Every structure is written in C-alpha cells, then in structure tokens.
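Consider the two complexes below, in which chain A is the common component and chain B and chain C are the respective partners.
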Partner chain A sequence: MTEILQGLLSAITPVNLGFMLLGTFVGIIIGALPGLGPTTGIALLIPLTFGMNPAHALLLAAGIYQGAMYGGSITSVLLGIPGTPTNTATCFDGYPLSQKGRSYEGLGASLVASAIGGFFSCVCLLLFTPIVSRVVLFFGAPEQFMLAMVGLGIIAASSHESLAKGILSGFFGLAIATIGYDAITGYDRFTFGIDYMADGVEFMAIVVGLFGLSQAIALAEEARTIAGDTKLSGSLMDGAKAVFKNWKITLRSTVMGMFLGITPGAGGSAASMLAYTTAQNSEPDGDTFGEGNIKGVVAPEAANNATIGTALIPTLAFGIPGSPTCAVMMGLLMIHNILPGPQLFMESSSTLYTFFWGLIFTCFAIVVVSLPLLKFFAKVTVVPYQILVPAIVALCFIGSYSIRGYLFDVFVTVFFGILGYFLKKARFPMVCFVLGLVLGQMAETNLSRSLIIYGDLSFLYTRPITLVLTILLVAVIVLPILKRRKTARDAV
Partner chain B sequence: MKHKKSIPIDAIMSAVVILLVLALAVDGFLRQKIPMEAAKYPLFVFVVTAAAGAIEIVRGVGTGHVDAQPVFENRKNFLSVCGMVIGYFLAMWLLGFVISTIAFSALFAWRFRLQHLLAFDIAAAAVTIALYYCFEKLLYIFLPTGLVFEMFFS
Partner chain C sequence: MKKTVKRLGFLLLALALATECIGCGGSSDSSDTLGSSKGSSVSASNTEEDTTWDPKEPIHIVGQSEAGSGPDLFVRALQPYLQEELDTAIVVENAAGSGGKIACTQVWKAEPDGYTLLAHSSPLTTVTQISKDGEYNIPDFEHIISFDITPYVLAVKKGSPIDSVEKLVEAAKTEKLSNSNSGIGGAMHLQSMIMKDALGIEYDEVPYNGSNPCVLAVMNGDVTMSVVAYDAVINNQEEVEILAVLADERLELLPDVPCMKELGYEFPFLSMRRGVVAPPETPKAVVDRLIEAFAVAVEEPGFQKYAEESGVSMDVKLGEEYKMIDEAYYDTVMQYVDYLG
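Entry: the complex of A and B
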C-alpha cells in the first residue's frame, strides 16, 4: 500500500505530469497515422530514453501507449482508415457516422469510451496484478483455440442478411490467414513463390485497402465530400453522453477487453471485434450496426483500450509479452533495470507503481490533449473530395508501406481496395471477413498445438474451461439461427 | 429496392472469392505439394468457403440479388480513380514517393476539376516533401525512393 501511495505522489509532480501529456500528444499523432501504432511509438522512444530518469521514460511510454491506442480511432471515424489494427472495428460505424455529418459525436464517443476502458484496465493492473496473473496459467492452447472458435461462431449471428454470405466472408478471411509459414510445421503455404508472402499477408495492408482505399474510390466515384450534403451536427459532448447512456455496453466491452488483454495471443484486435459483434447481436437495434450506430463506436473503443493494462500483467508477472507492444515495453523496462518476473514487485516497486499511476492518468490526458484537436479534425469530413481523396490514398499507401517497408504491401492494399469496393457493393459482411482474418492464425496454431498434446479432440470436454467454451460456442451458433427463424415465423 | 441495371453483383463476387480461394488451393496443393499435416486445416477452410460461395451464387442469381447496392453509378469516375490509383502505385515503384505523390495529387485535382489548381499543386508538393522528411528524419521510416533513382545513384 505504501508503495502504491509513493507511486501516486511521484506521478503527480509537475514534471512527471508534463511527460505524460507530452507522451500522450505524441502517441495520439502516431496512432492517427495509419501503419504506425504504439509498438512503433515506444520503439522510437527507446533510444531517446537512455540517459533519462526511469520514471520519466516510463511515463513518456505510458502516454505514447495510451495515446496511440486511442489515436487510431480518429482516422477510423473520420476517414474509415484504421490508424492501428485494433481500431478496425471502429470503422464499421464510425465512418458511417461521419458520412451522416455526425463526426463530432463519433469522435466524442470514441474518446470517452477509450478513456473509460483504459482507466478500468489500468486500475486492474495497479491493484490486482498478483491475483489476475494466476488466471493466465489456466489458458493453454485448447482454451485459446476454443476462444477463437467462439469468436468465429459469432459469424453466424453477424450474418443478418444471409448466413451463407457471412460464412463465405468469414472463411475467406480464414483462408487469407492461412497464407505463409505454418506456425507448427514450418511449411511455406499458398505463397505463389513470392518471398514477401512467406510471413503471411500483412493484416494492416489488407484492412487499410478494404476500408480506407475502397472508401476513397467510392468518394471519387460519387464526387462528394465524406459528409455529403449534410451539415456537421451534434457535438463531442453528445458522443460522450452516448457512452454513459449505453453504460451496459461500455462496461461489458471493458470487461471483455480486460479479459482478452490478459489472454495470450488474443490482443486488442480480437477484443474490439468481439466487443463489436457482441454489442451488435445483443442490442435490439443491432440491425442498424454498420449504418452509423453510436453503440458500434462505443463497444470496440472501450474494449480496445481496456486491453492496455491487463496485457501488461503477463508481461510484468512472468516476463512473457502477450503482444508486440508489450515486448517493446518490456525492452524499455529492462533498459531501465526493471526486470519483469516474479521478483519484480520486490525489487523495483516504487518506479513501477509510478508507471502504473502514469497509465491511469494518461486515460485523462487523452481527453485533455484531444479535445482542442478534435474540433479541428472533424472538419475534414467537409473538405472537397478533390483534395481529400489524394490525401487518403497517399495516407493508405504510407500506412501499408511503413509497417514492413515492402512495396508489395502497397500492392496488397490496392488489390484489397478494389476488391473491397465490390464486396461492399455486394453487401458482404466485412465484420465476418475481419473476424476470420484476426482469429484465423490463433485458431489454427492452437488447434495444432492441442492436437499434438492430446492426440485427438478430447480436450473439448476433458478440460473445464474448454467445456464451458464449447457449450458457449454451440449457444452462439444455434441461438441466432433460432431467433431468426422465430422472427420469420412471427412475420408470417 | 429496384436498381437501374441488373448486375448480379452478389453472385459475381461470390464467384470471385471462390476463384481466389481456388488459386490458393492450386498453388498450395498442386504446385507446392504441402504435406498433409500442414494441409488439413486449410483444406477444410477452402471447402467450406467454396460450399458457402456456391450457395450464395445460387441464391444471388435466384433471388435477383436484392441485397446488393447499385454498382457503377458513375463508371467514368470509377475507372479514372482506379486507373490513377494503379498508376500511382507503379509510379511510386519507379519514381519514388515524392514525385509520384505530387504527380498523383495534381493529376487527380485536374481530372476532377478542382478550382485554384496551381495553389493546390504547390501546397500538395510542400506537404509531400514535409511528410517525406518527417518520416525519414523523425521516425526513421524510409519511404520508397524509386527504382529509377536507386539504379541511378547506386
């Protein structure tokens, strides 16, 4: 307790607050640039912190982490381009909101939902790390496989128009996710002899094409601004109010994000996608998701930022980073003589608690830093398309190129941009495609691992957590089908 | 909803997805000859995709594709923007980020009749160069320099 209070007192000094604000500002800018995310931001920070006080360095990193996780939602809402992969689900309803002239509302909702999700997750990190870290040990390969299957099962519920179309989209995503080295056997698969595809097709290059570039093509075709003829309406406050009005979604998505954050291999993308689809299927107005429903912004943003704190728990408690960002963060901690592992809280608790408090305060910092910027950013939706489209296309190209430095990824963006344009015209559910893409590798790798360990599928009913998840999977698939049949019967 | 032109876009896109998956299958199973231990899962995924695609083709053609949105509302604009995007990609590969971006912005603004073209071109050039230096000097991310310049300078 004393260490927690010492950490608090250290975090609230003017210099430390200044570092947090600076980090948050840089993080928001980095997150808003497609292709750059918290991993790049913290990686770029590391060499600059060599001579710095450890507390200052960690608070700067906390700001960048929190800011970048949120910043990606700005372009998701305004331009339909996810700033980071974890903000992909925000595009589904954020961009349609902007098209209706309600960008202020979308931005306000994403800001407050991110702050709330991040806050609860970081409080959990501060208070419950020793207890929560034990949960990680219960999640082996079979549990992770079943978790991915439950996520994929949501495809059945998300295919409102046609189940076949949903399955086609979802399995097309799974098929794309099989490209590249098989994680278990190491065999090169479906690469057409192209070396750039050996590591798989870059997720970010696909989603930037699918959402950003295809929107730019549609804008140029229709020769209009994003908001069209509608005037900008609503305010940031309306979006903020929507988060509290839909407190159940905010809370549920936050809990989902915290849970998936701690689960190795799941991460922010899976959390935001699952929170989105859960909200879509549990809300009475779920049919309007994808057409600019504010709940479709609240759910993924709360879940996305709720992974921040809990994702750090396995990193700090066991020294096992659950995501690339956590791995880079671990590197930063080690440079400053904070060695993750069971001894961590005994050896370097004071600085560590300052860092935890920093993560909590940066949830408020993203609100303080963003507010003046958002009013200005929202006007992008009324910029003439002749100016905006070249900017979006250039941003998409930079985004997909800067991840790995391959022009091949830009080609992937162009390919999926044109394909995405037609898939949207044919009303293929993009949610299902992205679910398949996000969960594909997690499902396959953990299935193979489980089969190696057990030899057959007996793990589905011999392990308590997998048994519960198997029952949940059946419910997730069967209930929407029964519900749809009942609705059809009632209509007759 | 009745559409201007009756293009069965649902069925066409389902067929396109099946073809793409088929291309993956031919490459993996026939050309690369992936061993069975690494092929079972993808095979399952491909078969389900093809089956769902076949159902969707039948449904799309049979129901008169009621779900789909109108396609090619402005074919001229669509073809020009797609052409320019592909041209931009090729130009970036050959001439690098700066020249291709400035050329693409200028060409797009000219094609879609933006007013104050010269002012826009100057601003676009300035922003592009600033962005290039920001990425190179601050973020250490080196945007494409172009095949022609690479050959010329190396």
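Entry: the complex of A and C
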C-alpha cells in the first residue's frame, strides 16, 4: 500500500508530470501518423532511455502508449485513415461525421471516450493485477476459438442491407487472413513466393488503402472538401456530452475492451471492432451506423484505450506479453531493471507504481494536450480537394511504407484502395470484411489446436466457458434472423 | 485565460520538437551520408586491402526482427560503444519477416565491403534457409561475433505430476502427452522432435504463433509441456517448472536444474545464439577490423551492465569459432531435415 502512495507522490512531481505530458504529445502525433503506432513509438524510445532515470523513461512510455492509442482516432475521424490498427472501427462513423461538417463532435467524442476507457483499464491494472491475471489461465485454445467465432457470428447481424453481401465481405476478410505462414502445417500459404507476404498481408497496409486511399479517390471524383457544402457545426463539447449521454455504450465498450485486453489472442483491433458491432446491433438506431452516428465513435474508442491497462496485466504478472506493444513495453521495463513476473508484486518497487499512476494520469493528459491541437486539425475538413487529395494520397503511401519499410506494402495499399472504392460503391459492408480479417487467424489456428489436443469437437460442450460461448454464438446468429423475419412480416 | 492556454500549447509544441530533434540526432548524422556513392567505399577498401581498414561511411547492421524486440534492443545497446570504437556511425535497421529470410537475403546480396552487416539468430536462420529454400547459405557468411547463448529448456506447469524427465518418459508410455511449439518447421519444433527421438517417447506437437503463447499453453493446461527457449520462461518460474536444460552443462542462472547430458541424454542442442555476420567474400582486413572492434565493444562496462540487467547470458565467440558453430548447426538441421515437413 505504501508503495502505491509513494508511486503517486513521485508521479505528481512537476518534472515527472512534464515527462508524462511530453510522452503524451509525442504519442498523439505518432498515433495520428498512419503507419506509426504505440509499438514503433516505444521501440524508438527505448534506445534513448539507456542511462535515463527509470521513472522518467517509464512515464514517457506511458504517455506514448496512451497518446498513440488515442491519437490514431484523429486521422480516422478527419480523413478516414486509421492512424493505428486499433482505430479502424472509428473510421466507420467518424469520417461520415466529418463529411457532415460535424468533425468537432467526432473528435470530442473519441477524445473523451478514449480517456474514460483508458482510465478504468489503468485503475484495474493498478489495483487488481494479481487477481485479474488469473483470467488468462482459463482461456485455452478452445475458448479462444469460440470467442473468435462469436465475433465472426456478428457478421450475420451486422449486414443490415443484405445478408449475402455481408457474408461475402466476411469471407473475403477470412480469405485474406489465410495468407502467410501457417504454424499448424508449417507452410506459407497463398504467398506466390513473395517473402513480404510470408507473415501475412500487413493489416495496416490493407486498412490504410481500404479506408484512406479509397476515400481520397471518392473525394477527387466528387471534387469537394470533406465537409462538402456544410458549415463546420457543433463543438468538441457536444461530442464529449454524447459520451456521457450514451454512458451505457461507453461503459459496456470499456468493459469489453478491458476483457479482450487480457484475453490471449484478441487485442485492441478485435476489441474496438466487437465494441462497435455490439453497439450497432443493440441500439435502436443501429441502422444509421456507418452514416455518421456518434455512438459508432464512442464505442470503439472507449474499447481500444480500455485494452491498454489490462493488456499489461499478463505481461507484468507472468512476463508473457500478449501484444507487440506489450512485448516492447516489457523490453523497456527489463532494461530499467523491473523484471515482470509474480515476484514483481511481492517485492514491488515504487517505480512500478509511478508507472501505473502515470498510465492513469495520461488519460487526463490526452485531453489537456490534444484540446489546443484539435481546433486546428478539424479545419482540414474544409481544405479544398485540390490540396487535400494529393496530401491524403501521400500520407497513405508514407504510412504504409513506414510500417515495415517495404515498398511492397505500398502496392498493397494501392490495391486495396482501388478495391475499397468499388466495394463501397457496391455497398459491401466493410465492417464484415474487417471482422473476418481481424478474427480469421485466431479462429482458424485455435480450432486446429483444439482438434489436435482433444481429437474431436467435444470441447465445445465439455468446457464451461466454451459452452457459454457456444450458446452465445447460436444467439448471435439466430436472433438477428428472427428479428429480420419479424420486421419483414410486419411490413407485409 | 485563452492566451495562457495558447502559450501553454506553444510551449509544449516547442518542447516536443526539441525532443524529437534529440531523438533524430542519433541517426540523422548517419542518414546524411546515406546518399554518398558506394563506389568510393569499394575503391577505398581495395587499396587498403592488405593493411588495415578504417570505415569512412556509416555501417548498417540489418536485423531480422522487429524494432523493439530482444535481438534488436541488444544491437542497439551495443551501438554507441561500437560507434566509438570504429569512429563511424552505426545504423541499426530492421528487415523483419519470413523467419529472417528477408534480412538474410538482403545482406547476402549486399556489397561485401563491410558497410552492410547482418544481425541474426542461429540456428533459426539456418532452419529458415533450409525450410524456405533461401538463396543464401548461413555458414558461407563471414562470421564476426556471436554474443550470447540461450539454451532450450523443458518446461511443465507448476505442480504437474510430471516433475522430472524420468517421470516424463514413464508417463509417455501410458498417457497422451503434448508439447507446444512455435510452428511446424521452426527451430522449436525441430528441437522437440530431436529430443523426442533421444528420449524414445511419443507425444503430440501443438503449434502456436510464437514462443510466448507456447508458455501460456503450458500454464492454462492446453499442453503438457513445452520445449522452449529459456528467455521465454525467465520471468515466470512461479507458474512454470523447468525440468531440464537442453545443454551439455547446467545454466548458471538455474543451478538446481539438471542438464540433459547429466541425465544421460546426449543429442544435438539447438541453443539460440545471437551474432553478427558480413556478406561472403568481405576482404579479410575488413573482417579482422570488425572482429576486433566488436570484441572491444562488448567488453565495455556500460554494455556489460545492460546485458546483465536484461538477463542475457554472454558467451562471446569470434570469427572462425563462431563459423564452426553455425556449420555444426547446419549439419544438424540437414540431418533432421525430414522433420521440417
């Protein structure tokens, strides 16, 4: 207990607060640049911290993590380019809001939702790590498989217009997810001998093309500014109010994010996608999702920042990082002599708690730091297309190149940019495509694993958690079909 | 009020810009000279071939793993000392992907002038070379230095009834056991198959994506055990029990855990080694100078401190000695090539 308070006192010294704000600022910029995310941000930071005071280094990293997870939503809302993979779902409704001249609202909502999601998650990290970490031990291959299946089952519900188009999009996403090295068989699948696809097609390169580049093509075609003829209306405050008005969505998404943050195999992208689709399917105005519904910004943004604290729980409790960002974070901690593992919380150091408090305070820091920036950023939606379109195209290309430094990824972006343009014209639901892409590998490899371990499908009903998830899956698929029937009957 | 907010914003902006300048500082001096002609370096190395070599351009060390990963941080920690020793900029690059094939191919084809080096992990790159038909040959690179050694260990869940290798062999006769590996055709899988042969037992192989999920699979009871690199369980010995080290001798960090050799099982051990190699046919003067510089840099107290704190077991092997290790790995992998699927 005393360490927690010592950590708090150390975190609120002016110098340490300065490092937090600095980290947050750098994080927001890194997050907003497509291609650079929290993982790269912290990886770039580590060599600079050799010989630095551990508390300063960790607070910088806390700021970068929190800032980047939020910052990615700025480009998602304004330009329709996801800044980091976890902000993909924010594009669905954030960008349409900007097209209606309501970018201030979208930005305000994503900011406050991120702060709230991050806050609860990091408080959970501070107080409950030793207990909550046990959750990891209940999620074996069968549970991970069924969890992914429930997510994929939502495709049925999320294809509002046409079930066929939804399922087609979903399967297309699944098909792309099969590309690359398959751990189960040991072969590279569908790579056509191209080494750059050996680890799968880069997710960010796909979504930057699918959302960002395709949007730029449409913009050039329509020859308008993003906001069109509409005047910029609303304010950041209106967006912030929407987060509290829809407190149920905010809280539910936060809980989902926290849960999926700990669960092995899931992660930020899955959390924000599932929070988005859950909100879409449970709200009475779910039909208007994708056309600029503020709830579609609140849900994914609360969820993705809510993975921050809880994703660090298995990392710190067991020394097993669940995501690339956590792996890099663990590298940083170890360099500063904080060795993750169960002993960490017994012989706890105040530096560790300074880091935890830092993560909590950075939730407020993102609000403080980004408020002056957003005012300027929002103006981008009234920039003439002659200037904006080339800038967006350049940003997309630089973004997809900087992910891994391979030109191949830029071609991927171009391919999916053109494809996305036509898919959108044909009104294929992108939500279903991204769901398939995000969850495909998780579902497939864990099914194979479960079959090797159990020999048959008995794990579906012999393990309590999988049984619950199986029932949930049936409900997720059947209920929307019944609802559809009912509305069809009512219409007659 | 509004004014102060604005001022605060500018202050922050200035601060951030300042740090970003510091951040770039380390690498900007090196990228400046990136464009300078390659020709000059070749002629320089030709004229000085028989004497000593002094690098006049930045040296690029291409890594096979992502920025921020263990092997990447290791080279980055060494970078300042190496920079001082060679009196030139050292640029650490990442060409991750395809099990190291991309980085190996890139350096294999690079000009053999000492300005492009490969940071690789044996025997992983050798396994990749053979399973993915690489156009390169690891033993043919000019070997400079191997820094450290990480053996594989046999890990089970804490409290498991199988608490020794002896009991494992017994249990395998009657029960259905399983082992988690990081993918069929990978180094972990190969080591497990070799061990299975030597112990004369049978168990299922369950592939995961990476070594961390393999440890998790032991903890949540998906599998009975995992033959996994020691560094993946280093922080986790409250949940996982290590039955044996796959090596000729005990690990200094694990004095109470027996090694396979003392248990009477001798088979090829595929302990991981990180190191740096140069493209084949790099002039001898260049290789010698690099060996000398690396050997001095790893002894720097600052670097030694880093290595100790991040749990690395240093085991420096230079030039020919390192090459022989990689050759032995190559022979082992070829011998068990059928296991790679």
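Just so we're on the same page, the second predicted complex is superposed on the first by the 490 of 492 C-alpha atoms of A that agree within 3 Å, B and C clash if a C-alpha of one lies under 4 Å from a C-alpha of the other, contacts with A are read in each partner's own complex, and residues count from 1 in each chain.
We adopt the following convention: a contact is a pair of C-beta atoms (placed from the backbone, for glycine too) under 8 Å apart; a residue touches a chain by one contact, two chains touch by 3 or more.
Note that the structure is predicted; figures quoted are calculated from it, not measured.
Undergrad: Between chain B (first) and chain C (second), which, if any, makes contact with A:Val26: first, second, both or neither?
TA: Touch partner of A:Val26: chain C, not chain B.
Undergrad: Between chain B (first) and chain C (second), which, if any, makes contact with A:Ile320: first, second, both or neither?
TA: The answer is second: A:Ile320 touches chain C but not chain B.
Undergrad: Identify the partner contact of A:Val15: answer first if only chain B is touched, second if only chain C is, both if each is, neither if none is.
TA: Touch status of A:Val15: no partner.
Undergrad: Quick check for you: in the superposed arrangement, does A:Leu479 touch first (chain B), second (chain C), both or neither?
TA: A:Leu479: touches no partner chain.
Undergrad: Return first, second, both or neither, reflecting whether A:Val393 touches chain B, chain C, both chains, or no partner chain.
TA: In the superposed model, A:Val393 contacts chain B only, not chain C.
Undergrad: Does chain B (first) or chain C (second) touch A:Val369, or do both, or does neither?
TA: second
Undergrad: Using the superposition on chain A described above, determine whether A:Ala198 touches chain B (first), chain C (second), both, or neither.
TA: second
Undergrad: In the overlaid three-chain picture, which partner chain does A:Thr40 touch, first (chain B) or second (chain C), both, or neither?
TA: In the superposition, A:Thr40 touches chain B and chain C alike.
Undergrad: Under the stated touch criterion, which partner chain does A:Arg404 make contact with: chain B (first), chain C (second), both, or neither?
TA: second
Undergrad: Looking at chain A, which of its residues have contacts with both chain B and chain C?
TA: Of chain A, residues 40, 44, 184-185, 187-188, 405, 448 contact chain B in one complex and chain C in the other.
Undergrad: Which chain C residues qualify as touching chain A in the complex?
TA: So the residues of chain C in touch with chain A come to 5-6, 8-9, 12-13, 15-16, 19-20, 22-23, 26, 66-70, 72-73, 76-77, 79-80, 93-99, 101-102, 105, 131-132, 178, 182-186, 189, 204-209, 212-213, 215-217, 219-223, 233-239, 302, 306, 309-311, 340-341.
Undergrad: Under the definition above, what is the set of chain B residues touching chain A in their complex?
TA: 9-10, 12-14, 16-17, 20-21, 24-25, 27-28, 31-32, 34-35, 37-39, 41-42, 45-46, 48-49, 52-53, 55-56, 59, 65, 67-71, 73-74, 77-78, 80-82, 85-86, 88-89, 92-93, 97, 101, 104-105, 108-109, 112-114, 120, 124, 128, 131, 135, 139-144
Undergrad: What residues of chain A sit close enough to touch chain C in their complex?
TA: My answer: residues 21-22, 25-26, 29, 39-40, 42-44, 46-48, 50-51, 136-141, 181, 183-188, 195-196, 198-199, 264-265, 314, 318-322, 324, 327-328, 331, 334-335, 337, 339-343, 369, 371-373, 404-406, 441, 445, 448-449, 452-453.
Undergrad: Which residues, counting only chain A, touch chain B once they are in their complex?
TA: Residue list for chain A touching chain B: 36, 40, 44, 161-162, 164-165, 167-168, 171-172, 174-175, 178-179, 182, 184-185, 187-193, 213, 216-217, 220-223, 384-387, 389-391, 393-394, 397-398, 401-402, 405, 407, 410-411, 414, 417-419, 422-428, 444, 447-448.
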